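Pasting the structures in now, so scroll down.
Two complexes follow with chain A in common, the first pairing it with chain B and the second with chain C.
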Partner chain A sequence: MNKPDEKKSRWTRFSAWVNGKSVIIPEEDLFPGGDLRPAPGKKCGREFCRSAEREGERLYSFLSGYTFAAVVVGVIVIGILMATVMALPRFGQPDNPTNNEVSQRYLEKGEEETGAPNAVSGMILNYRGFDTFGESCVLFLAVSCVFMLLLRDEKNTHPKDLAQIAREEAADDSSRDVILQQVSSMIIPFIFLFGIYTLLNGHLSPGGGFSGGSMLGGGLILYVAAYGSRKIQRFFNGKVYNIARVCGLMLYAILFGYYIFTGANGLPNHIPLSIGGLILPIDVAVGLVVACTMYGFYAMFTKGEL
Partner chain B sequence: MRALLENRFAVTAVILFGIGLANMLLQKNLIKKIVGFNIMDSAVFLLLASRGFVEGRVAPIVAEGMADASLYINPIPSGLVLTGIVVSVSISAFSLALVQRIYHAYGTIELDELVMRVKKEAD
Partner chain C sequence: MISTIFTVLGLVFILAGVFVFFTSVLGIFRLHYVLNRLHAAAVGDTLGIFCILIGTILMRGWSVISFKTLLILVFMWLVSPVASHLLAEMEYLTHPDIGKKCEVERR
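Right, the complex of A and B next:
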C-alpha cells in the first residue's frame, strides 16, 4: 500500500467517523485479517497465530519496560510531593499564608457588596463570576461532546442494534419494577423540592446552583429509571432539553455582562441586594445548566438518545 | 515525622495521588485508568479543602452583624474545589464516552489487545 492511498483511506475513515458512519463498516473491513482471537473450540490458522504471537511478544517486552518506567516515575513524583508536604506550613493555623487579606476582604465586605451571607456563594458567583461562567461552559461543552460521541440515530447505528434497543425498551415498558415505581413516586417530589430549596437558598445557606442543579438532575434520573423514557418525553424531550441548557448559559452570560457593565466591584448595580442581588438569578441559571448536564450524561450513556 | 503528622491531610492526599497515578500508568483496562484519574482528582480536592481549614473556626456563612474574618475559615479553597469537581466530572464523562466508542469500534477496552488490533488494521 503506497502512502497517499493510505492517507486518503485514513481521511475517509476519519470523515466517516466524524459523520457517525463508522459503526456501519462491516467487521471484515475493520479487521482485514479476520478476528485476532481464535474462535472458541477451533484452532486458528497457523499464519494468524504466528503473527499474533510475534506481535504479542513485542508488545510484552515493551510493556515490561513500561511497567518499570511507570513505577520509577510514580515513586519520583510521590517523593517530590512528600518533600513538599514536609515544607508546608502547619495545618489549620490562622497565620498561614493562605489566610491572607483576600479571604479577609471576602468575609468582611462580602455580605454588603454581594448580598450573600454565604461567603463561598458570594465569591464564586460575584467576585469570581467569570471563573464560574467558564465552569458552566465546560459543563455545556462536555455534554455537547458526549452528545456528539454517543447520540444514536438511523444514520450511525446498525439497524440490528436499533431493533434490539426497541425490543429491550418494549420489554422494559411491559414489566416495570413496581417497588421502584412506588418508592420513587413517594420520594421524587421531595428530591425536587429539596433541590429547588437548595438552589434558591444558595446565597443564605450551604448550597447554590451546582449542588441544587445536581439534585434536580438526580431527580430526573430517578424518574427515568423508574418510569421509562417514554413517560418523561411528554414534558422533557430533546427540544425542551436543548432550550433549557442553552437558556441557562445565555441567562448567565447576559446577567453577568449586565452586572459588569453597570458597575461591578461593589459599585451600585440595579438589582436590590435584599433579594440576594445578582446571586439568586445566576444561581438559577447555573442550576439549569448543571441539571441538564447530569440528566444528559445519564440519557446518553444508557440509551444514546433523550 | 512531626511535620508529617501535623499535615496529615496533605500526606493522605499525596498517598491518594500516588495510588491514582499508579492506576493510571499501570492498568491496562481503560475504565480502570479513568477510575485512577478520579482518585487523583479526589486527592487534589482533599489537599485544597484541608488548606482552607483554620482550627476553631466555622463554615464561612456570615451571621448577622458578625462580619469578622477571624471567626470563619478561608472560603477561597472551597470555591477552587468546586471548579475542580466540575472539570473532573466533565473529563470523566467525556473519556467514558470515548471508551464506549472505542469498544464499539474495536470490541475491546484492554489496552494491549487494542494496540494489537489497531496495528492489524493499519497493515
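Right, the complex of A and C next:
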C-alpha cells in the first residue's frame, strides 16, 4: 500500500480514525478462498499485488459509502416511525381500534367463514394469512442467512479443513452412543407420528403448522444426534432439504395468492369447508418451512453441512 | 366409597411426588459437582414425575386423559434417563481431570 492516505477522502479518513486504524482490510478478507493467496515463504508477483491492492481500495470505498447509506436509511426509518407514533390514538380510550368489532367477528363467524373449529388456526392462517406468510418468510430468510455464513463445502473451505471434518465424522461414527440409539429407535417413529398428527389436525384441535413443524424438526435433530449425518443423508440430503424448504414457501404463496385473488372466499368452493378449506394445505406448508428451519439451524451450527 | 379411597391414594401419591421434587430441587442447589447435581435432578425427573402422574390418574379415574397422562409418564421414563446419561457422558469426556473428582472406570 503506497501512500493510500492521499487518495482517501475526508469521510474515509474520519471513519478510519473512528475505527482506530488507517488500513482496515486484513488479508484474509481479500482472499477468502485461501487458495489464491501465495504461500508465506514465496514472494508474490507484482501483478498480483497490484490487483489485490486495487481490489482492497475498491472494497474500502464501497464500505465507507455503505456506512453513510446505512446512517441515512436509519435516520429516515426512525423519522417515519416517530411520525407514526405521533399519529397513534391515546392509550386506554374505549373507542380505540383495538376494541372494535373485528375480534368479536373472528370468534363468532370464524367457523363458518374459514371452516376451522379451532379459532386460533382460522385467525392466523385465514384472516391474517399475510402475517403468517411474513413469519414463514422470516424463518426462510433466517436459515438462508445462516447457510451463507456457516455452510462449509468445497467451494469456500480449505481442503485440509474438509479432511479434518471428515476424520472427526468417521471417529464419531465409530463411537456412537448405544443407549441413545436404542431409545431413539423406539421414540423417533412416535415423534414423527405425533408431529404429523399435530400438523394435519391443526384446524380441529390445538396445534398447526408451527408446533407440528417443530416436532418434525426435533425428530430430525434427534435422528442426526443418534445416528450421525451420514445415515440421514440416505433420505434427507441437501437437495431434498432445499426442495422441501422452497416448496413449502411456494405452496403457501400460491395458495394464499389464489385465495386473495378469487375474492378471499373463492377457494372454499373448490376445497369444501367441511374439511377445513384452505387451512390444511397452508398448515402443511408452514410445517415444512418450520421443520426445515429447525433442522437447518442444528445442522449448520454443529457441522456446517447438511 | 371406592372413589374416596382413590382420591386419598392420589393425594398421598401427589404429596410423595412433591416431597421428591423438593429433595431434588434442594439437591440441585445444595450439591456442587455436576454429576451429583445431575443425580438429584434425575431423581425428580423419574420418581417425582411418576408419583405425581400416578396420583393424578388415581384422582381422575380411568379416562382418555388418564391414558394420555400414562403416555407422558412412559415418554418421560424413556427420555429423561437417556438425557442424564448423555450429560454425564459429556462431563466424562470433557472434564480434564475427572479422576480427582470421582472414581472412574477406564474404558
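The definition used in the following text is that the second predicted complex is superposed on the first by the 200 of 306 C-alpha atoms of A that agree within 3 Å, B and C clash if a C-alpha of one lies under 4 Å from a C-alpha of the other, contacts with A are read in each partner's own complex, and residues count from 1 in each chain.
Quick note on the criterion: contacts are C-beta pairs under 8 Å (C-beta built on N, C-alpha and C of every residue); 3 or more make two chains touch, one makes a residue touch a chain.
Source: prediction; values computed, not measured.
J.: Tell me which partner touches more residues of chain A in the superposed arrangement, chain B or chain C.
T.: The partner that reaches more residues of chain A in the superposed model: B.
J.: For A:L107, decide between first (touching chain B), second (touching chain C), both and neither.
T.: So A:L107 only meets chain B here.
J.: State whether A:M300 touches chain B only (first), chain C only (second), both chains, or neither.
T.: After superposition on chain A, A:M300 lies in contact with chain B alone.
J.: For A:I187, select first, second, both or neither according to whether it touches chain B, chain C, the two together, or no partner.
T.: second
J.: Between chain B and chain C, whom does A:M82 touch in the aligned arrangement: first, second, both, or neither?
T.: A:M82 sits against chain B, while chain C stays out of touch.
J.: Would you check which partner chain A:I179 touches, where first means chain B only, second means chain C only, and both and neither mean what they say?
T.: In the superposition, A:I179 touches chain C alone.
J.: Using the superposition on chain A described above, determine whether A:A170 touches chain B (first), chain C (second), both, or neither.
T.: Neither: A:A170 stays clear of chain B and chain C.
J.: Looking at the overlay, what does A:R90 touch: chain B (first), chain C (second), both, or neither?
T.: After superposition on chain A, A:R90 lies in contact with chain B alone.
J.: Enumerate the contact residues on chain C facing chain A in the complex.
T.: Those residues of chain C that touch chain A are 75, 78-79, 82, 85-86, 89.
J.: Under the touch definition given earlier, write down the residues of chain A that touch chain C in their complex.
T.: Those residues of chain A that touch chain C are 177, 179-180, 183, 186-187.
J.: Which part of chain B faces chain A closely enough to touch in the complex?
T.: 3-4, 6-11, 14-15, 17-18, 21-22, 25-26, 50-55, 57, 59-64, 67-70, 72, 74-79, 82-83, 85-87, 89-91, 93-94, 96-98, 100-101, 104-106, 112-113, 115-117, 119-121, 123
J.: Flag every residue of chain A that touches chain B in the complex, lowest number first.
T.: Contacts found on chain A: 22-23, 30-33, 36, 52, 55-56, 59, 63, 67, 70-71, 73-74, 77-78, 81-82, 85-86, 88, 90-94, 96, 98-99, 102-104, 106-112, 117-120, 123-124, 128, 131-132, 135, 138-139, 141-143, 145-146, 149-150, 204-206, 210, 297, 300-301.
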